[in-house]
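There are structures below to look over.
Look at the two complexes coming up: subunit A is in both, with subunit B in one and subunit C in the other.
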Partner chain A sequence: MFKYGGYTGKILRVDLSAGTIEVEALAEEMVRDLIGGNGIAARYLYDTVPAGTDPLSPENALILMNGPVQGTRVPAVGGRTVVVTRSPLSGFFIDAYYGGHFGAELKFAGFDGMVITGRAEKPVMLVIEDGDARLVDASPYWGMKTFVFQKKLRSEENYNESEITCIGPAGENLSPMACIISGVHAAGRGGVGAVMGSKQLKAVVAKGSGGIRVPDMEALEDYCDSIVERMQANPATSKVLPTYGTPAIVAANNKLGLLGTRNYQVEVFPNADDIDGEALHNRAFVKSASCFSCPIGCAKLFRMEGEEYGPAESVGPEYETIWSYGSNLANSDLKSLIAADRFSDEMGLDTISAGSVIGMAIEAFEKGLITKADTGGIELKYGDPKLMMELLKQIAANKGFGKVLGAGTREFGRRFNAEELAMETKGLEIPAHSPRGYPGMAIGYATSNRGGSHQDGRPSAERGGAVDRKQKEGKGEYIVDVQRMTTLADCLVACRFTEGIFGLTTISEDYVDIMKHVTGMDYTVEELFDVADRVYALERAFNAREGATRKDDTLPHRVLNEPIPDGPAAGEFMEPAVFEKELDAYYQKRGWDLKTGLPTEETLRRLKLDDVASDLY
Partner chain B sequence: MPRLCVDEDKCTDCRICQLVCSARYNGIYSPRLARISKKAGIMPDTTSTDVCQNCNDAPCVAVCPAEALIQPDGEGMVTLDESLCTGCAICVDECPYDAIWFNEETDLAYKCDLCGGSPECEKRCPTEAIYVCGEETV
Partner chain C sequence: MEREIISVKVRVEGSYPSGEVVVELPNDATLKYLLDKLGSSKHRLSEYLFDSKTGKPAVRLALVNDRSVLQQDFERVNLNDGDKVFFILPVSGG
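Showing the complex of A and B:
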């Protein structure tokens, strides 16, 4: 039995080229230093994938990890999984997370994670069951959409109680915007689905009858009860999210004048009422759903009659998708948003990046930077849900103009001399939280190791008023502590909706308590800061090997040069001089070099990353 | 007959019922050892529950060769006396609701006994989807 509670102490090493599977013991020191999830996966990636590895080559690693808390009742963390790999979209480190039940089931099946390399000769799926794993021919399933596939597999006796993680046609077609789907949940960002597709790996399937031991069950159960009480006392986790889910954010941001519209050309969407949380709740709500162990139940099944855009039944759209396929495309057709969300899940497509690049392409078309000669004869315009559906199909097919779009906004900008329209950092599209209106979030985007993600820096404290939204001074240092919190939460593979409970802006004592109750390990908050800093430095070192420097910690042209033109937030943007000053403060606080934007040798050695220090210096 | 009822419209498939059940009875988190079984398809409106219905003249009681399953006067709650259970698992096959299971580690059957009257799962269900129902309360 593993020394610490919560873990199985076992990792699968799968080489799809050789067709071999080995069980590797999880090193205790690694657990102590990196905890799990994001942290341990980052270490495996750094050690497994050499600099310059083609993300879609057999040499890239696809790493799936849970953490110590998966499978326990610690609220809102129990079922999640992280996918880590080198992104085919950005070329940098990517960590993508998904909820549901898989992370728990993997634990019950006996594993803390897996490192998958190589490429199978024909489509396979990795089947994990009670301490064993095997590769099974998946040729009959190749080409299936994700829900069709999961339903088909679940109808077979061997798999009727299994949790499934899979790709759809977008991943099989190697679209750099392909995601990974489990149930109705997506590991959305950075093209992780294309990496899985490049390995000819249709699915990872887990089933387990095992149990998770903790040092003192009664104490942990009492602790879980206390967290639930705090969730019940918090309006976000007791009312807003259970009732509306994330679509509640649409109205909040639009009211602030910070709802990206028409590729962030403007930030007020006049038709927001047609697509906000109230509209979805009143016109389409069917039922709530939860991830494993979560009392919040933020997932919403929405359904509308009529199939002019395909089936309008989906768990979602979430806020991000309402932005990317809605206001960002000036599309107020609610049914089309539900249908497009469903279509994207079925094909396995990241709705954030797909909506962002479509929004950019339409702007480029309107400005004459591209013409019908570039689009395969299609006229691009905002407010056209049928056009949106057509372009999503083309992106998922990864052909023709769809392939041009699927390469992402950075590539699209380079190709058509439209870089000033690209809303990305490090090649990953910025999502639905205004970088012009949320300056802390903006620095979070710029310094995120995965690029334009709202999951490293966070918008929540600025949006909710816990910190002064408009203040820019000090936000560089501020976002370091936010990122420390998110990085640690990612090591636990905890949902972001715990942030209102455990703390929005830094690592709190709650994480000490969780680690003690679940694993028996005694950390101080300061030691947890070190874990988070170690993990973030590892990710940064991975990017450094791929050529990343301070120049990559930047923001889109629009954010740095074009103030929001009108609405309640008119005039807001990130002045370059302010940004550079805050970036300096950010690096300073992290112990990183101001010129290179990389951890100094001293910092790496302080974080016990001597081998990384030797690699970089 | 007192039993657990589940309003599937309210069930979010969070499995907290199974977690608190296995925590209480097994000292570990293990949904498959829980005395309540949840299943769901891909979409959330496909949840279903298997749990003891405390049938009148319960068939599991009738087939138990060890008289380990007890239901006085053929009605009310069916309880399992683990000290008498021989692990033959005949009851598992006989249950019309698939609500008795077999623990291979202990070689014993297991089923819901409503926690003796105040079920952990009912207390902890975040949406109040689980409740004790039936003509009598325990």
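Showing the complex of A and C:
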């Protein structure tokens, strides 16, 4: 029996080239130091994938990991899973998360996670069931869209009660924007689906009948009840998200003048009313759905009649996709947003990166940086949902102009001398939270180890007024604490919607309580800071081996040089001198070197990362 | 002649079915007065504005005619007849 509650204590090591599967014991010291989820996965990635490994080669590792809380009743964390690998889009560390039920089922099946390397000779799926794991021929399923595949598999007797994590054609076609799908949930970012496709791994399927051992089930139940009570008292988690889901925030962001439009050239979308949460709710809402153990039910099934863009029925679009396929492309056709969301999920495509690169390409076309000779004869223009659908098909196929787009905004910029239009950091497209209007979020984007993600730094406190969004001084230090919170939440594989309950800006005592009730481990908040700092330093060290330095902690040209031209936030941007000053403060607070942007040897050794210190120094 | 009663239009993010409501206030009312009034009168918007367990305001930011006002300044901002107030909740994309 594993020493700590919440864990199975077992990790699967799968070598698809050799066709072997081994069960490895989870090291207790690793658990104490890194907790789980992204923390433990980061350690496995660092130890397994040598510097310079081609992300789509057999030597790269695809790591799926649980934290201690998956499978428990702790709200909004129970069914989630993290995928960690070296990104084919950015070339750096990537961690991508998905909700649903898979994480709980994997735990019930007896495993905390898996490290998958190699490449199968033919398509396979990894089937995990009650302590056993085997590789099964998936050739009949190769080429299937994600929903068709999952439905087909569930129709078979062996898998009708299984939870499925899979790729669609975009992953099979090795698009660097391919995601991983489980049910209707996506591990969206960084091309994790392409890594899975490169291994000829169609799916991981889990079914289990086991339970979760915790120190005191009654105490945990009481604690979970108290968290649910707090969620039910909070309007965001009891009213807004259950009713509208994340589309609720479109209207306010547009009112703030911070809804990226036309590739962030402007940040007010005149037609936002046509695609906001109210419009979706009134015109397309069918029903809500929840992840395992979550009382919020933020997932919304939307449906509209007519199939001029394909089936307009989808769980989504979420806020990010309303931005990426909506305002970012000046597209106010609500039906096309639902259809494009559905198409992206079925093909297994990251909607944030895909929408961002299409928006950039249209701007480049309008400015004469590319022509029809580059686009395969297609005229690019904003506000054209049929064009959007066509380009999404091409990106998913990873052919022709779609392959050029799918390589991402950084590569697109290099290819067409259009770097100044690329809205990315470290090669990962930034999402829908304005880096010009939210300076803390901007520093979060710049310093995120995974690149342009709103999941390391967070926009919530600035957007909601918990901190003054217009104040730039101090935001470097501020975002360190926010990232500590997000990093720890990622070790637990917790949904970000817990932040409104557990705290928006730093690690709170709630995390101490969760660890105590689920695992029996006693941490102080300060010790949890160390865990978070250890994990973040480990990710950064992985990137350092791939050549990352301070120069990579930067922001898009537009953010540093072009003030928002009009609207309520007119004039706002991140002045380069202010940014560099705050970046210095950020590094100082973390104990990182100001010149290199890397953890100092002293910091690494303080965090008990002596082997990493020896690697870097 | 200065009006003794003013009307302001109020919305709360995510409360769309409740829509925009018109609230009458004394002509020297501040934003804080408006928030307190909505809470104390158990107005239908109050469940969006306050934590029902602690009774504390859940909103920390408002737009008054599209101008941002942080919670600490609610008491310093006087409202005028015809003002549009939009309260924003700390929700964001997941």
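Operating definition for what follows: the second predicted complex is superposed on the first by the 617 of 617 C-alpha atoms of A that agree within 3 Å, B and C clash if a C-alpha of one lies under 4 Å from a C-alpha of the other, contacts with A are read in each partner's own complex, and residues count from 1 in each chain.
The rule we apply is simple: contacts are C-beta pairs under 8 Å (C-beta built on N, C-alpha and C of every residue); 3 or more make two chains touch, one makes a residue touch a chain.
Bear in mind the structure is a predicted one, so any value in this text is a computation, not a measurement.
Trainee: Just checking: does A:331 make contact with subunit B only, subunit C only, both, or neither of them? Give me first, second, both or neither.
Mentor: Once the two structures are laid over each other on A, A:331 reaches no partner at all.
Trainee: Now for A:200: first (subunit B), second (subunit C), both, or neither, which partner does it touch?
Mentor: So A:200 meets neither subunit B nor subunit C here.
Trainee: Using the touch definition from the top, say if A:433 reaches subunit B (first), subunit C (second), both or neither.
Mentor: Once the two structures are laid over each other on A, A:433 reaches subunit C alone.
Trainee: Now for A:66: first (subunit B), second (subunit C), both, or neither, which partner does it touch?
Mentor: In the superposition, A:66 contacts neither subunit B nor subunit C.
Trainee: Is A:239 contacted by the first partner subunit B, the second partner subunit C, both or neither?
Mentor: A:239: touches subunit C, not subunit B.
Trainee: Tell me which partner A:464 touches in the superposition: subunit B (first), subunit C (second), both or neither.
Mentor: Touch partner of A:464: subunit C, not subunit B.
Trainee: Report the residues of subunit C in contact with subunit A in the complex, numbered from low to high.
Mentor: On the subunit C side, the touching residues are 13-17, 47-54, 58-63, 66-68, 70-71, 86, 88-94.
Trainee: Within the complex, which stretch of subunit B touches subunit A?
Mentor: 9, 12-16, 19-20, 22-23, 26-33, 39, 41-45, 124, 126-127
Trainee: For a test of understanding, state which residues of subunit A touch subunit B in their complex under the given definition.
Mentor: These residues of subunit A touch subunit B: 71-73, 78, 101, 104, 108, 147, 150-151, 154, 161, 183-184, 208-214, 217, 221, 225, 228, 286-297, 299, 301, 313, 315.
Trainee: Inside the complex, what are the residues of subunit A that reach subunit C?
Mentor: 229-230, 232-236, 238-241, 243-244, 246, 248-249, 251-252, 255-257, 277-278, 281, 298, 318-320, 431-433, 454, 458-461, 463-466, 468-470, 495-497, 500, 504, 568
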